[in-house]
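Chain IDs A, B and C follow the sequence of writing; residue 1 opens each chain.
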């Protein structure tokens, strides 16, 4: 399919002055620029294995399952995360909460088993977005290794232990706002923080009714 | 010391001791220097781009060349099924052979006068007394393109074919300004021998450097030599971004390494030539004059020469990471419309000066005037790389199918 | 008949060489290359009878036979190879061998210039055109010689005439010393002047073949020829530029 001559716009190059035609000043300028980088050497490389990476606040690493104030798993087994997951790596078996147990009096369901295949996961963060009680969150742990595939299937206990490990390190605060998301997300003691990323006031998404959705 | 080394051997082989020693030294030093030049280039490019560069193997990455070489030697040497095997294997060999052969007439130190085989003087040149050193280098250099052409053609790959087509056109074009730029030097020095040109400069000291009388030729020579060596900004045959390495796309392991060895040897050779032909070789005021005879003067001279050459290599490497690659029509325009006419004018100026017995330093203002005149002509009627705008003709009915044939 | 027996030493290798080349010229149906090669080797060996015996310097003679043999061999391979790219490469090898012969005969500048012009530029341009034109493989007309008999007979008649002339009047009689033979080719008598610019040749034998003597000879004895050749090349360049297609857009 040849391009129609009407669609071709020939751009006239601006006329060159004397020094530009000789090319030498441009070459010298370029050499000065590159030489300046050599003499004023300020590397931007992160020396990763020796120096820990400076990760952004919204980094999406290994998942964790949050606990509520009483130490129970916060998850209410609603299956929203498993439904939202594009990689289908979350497998939840729900169990009805025992009504006569005072420990579970405010819950209908809780997960009997909760397994995330960390090898299948694409770390997109959809589960985090989908969770109505902010039970599943992603942490800053990125150097995830294992000797077998079985090892990389994270079950409920392991995910809860990730929570215990990361909740106080400062990089992964529990982000739930108190009292916003119903009884399951209510707690008193744990510290909270605002949104993972700072949203500037002049950002259109900040002014929209639902965060993240831009409406003209 | 060297005398005793020569006398250690039986009489019939004594004349061959020093040349063989020179060859061994040149080959080994060249191999080592090439691998460390690659490290230097990687470091330099990293520094220019605010990175660290290779720093894992050894302190500051100093053993990186060793690791690279081991990797190249131990890697599987793939010969794809669709290639022409004979030429595919031959091509890297030709590349290395020709570039090393060209180094044979390059003096890498103060070549002693009255050199005779077997007298225990280190020659500082592999093949002394060749009357037409520069022509020899050009002849060998023009053969170097066969490595690229054969490698590209034998690879039976479109990228390689494009690369070698570009290389052949480029090398044939740039040989002309390269050769013409030194004609002036040959006229001024009454010789084509590199040793003699070097000795003439060394005898006259700093004012005798050819750069003062042939600045234009120096610029032309440097540009054309870079183009001959396929260095950026003239590496259209290689072109990692568009041609995926061009002629060496299909090569792997040590065969690929040989191509790189050839390229860096070529860079070293043209750096030596630039220094020896235009910047006085080993001559430097006060410390390395023609008559300096203090102890270790020879070593100082060699060090001066190597330092100068190192400076040129640094400039070449910095240019690589500074100037973007030429477009092919720009490359051809530069050679045919820029360098060749300028080189001709330069030869003409030398002839005028010689014919009318003017002082040779007249060539300095004359060369600058020629350069300025060329620049002024560039600003006038036709700009060198401009595309002329053509009014678009409305093409009813045919959908513009014939628009390109106007 | 008497003439043919006298010159049998020349005629037999020529006939054998013609047979070898004719046999080996590319055809639709392949022929035994070994047979052709053997005939060619036989031709070269038969030619050996007429060649001079080694003149004493073993290295020099070895070099001569090496370069000469390589030149003839690669020349034969050039015209008998079916693949045009290989033919061009054999041409390059042949040129390089001839340059080696120049070097043996102490003409280094001629050698280097031939390498630059032929091997470095002309063959590269051939390769360029072949690769550009035949990206999909060799065409049919590359696989067969058009007129194998006519071409080979004519070329060998020409070659035979050259050799015969050289043998009769070229001064190769095997008796004159090396120096006398060299003088026959290179030294002009002092009274002979090709034109008004001619200068008497230098008496220094060591200078023969150097660039100085070559340049002086070119621009004095052969001035008209050089100028004529330059003019012809200039006309060719102008003609090429004139008939090259113009483009409405772009600079090329």
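A few notes on this one:
Going forward, contacts are C-beta pairs under 8 Å (C-beta built on N, C-alpha and C of every residue); 3 or more make two chains touch, one makes a residue touch a chain.
None of the values given here were measured: they were computed from a predicted structure.
Chain-level centrality, scored on Cα centres against the all-protein Cα centre, points to B.
Placing every chain at the mean of its C-alpha atoms, the farthest one from chain A is found to be C.
Chain A and chain B have Cα centroids lying 52 Å from one another. Centre-to-centre separation of chain A and chain C, using mean CA positions: 75 Å. Annotation: 31 Å between the Cα-based centres of chain B and chain C.
Residue positions 249 of chain C are each in touch with at least two other chains. Residue positions 10 of chain A are each in touch with at least two other chains. Within chain B, contacts with two or more other chains are made by residues 384-387, 390.
Taken together, the chain B residues at the contact with chain C in this complex read 87, 130-132, 135-136, 138-143, 145-146, 149-150, 153, 161, 164-165, 168-169, 171-172, 175, 179, 192, 329, 332-333, 384-388, 390, 406. For chain A in complex with chain B, the touching residues are 2-6, 8, 10-13, 15-19, 21-22, 27, 30-31, 33-35, 37-38, 41-45, 47. The touching residues of chain C, when paired with chain B in their complex, are 85, 89, 92, 108-109, 111-113, 115-116, 119-121, 124-125, 127-128, 131-132, 135, 210-211, 248-252.
Contact residues of chain B toward chain A in the complex are 44, 47-52, 315, 318-319, 321-323, 371, 374-376, 378-379, 383-387, 389-390, 392-395, 399-401, 403-404.
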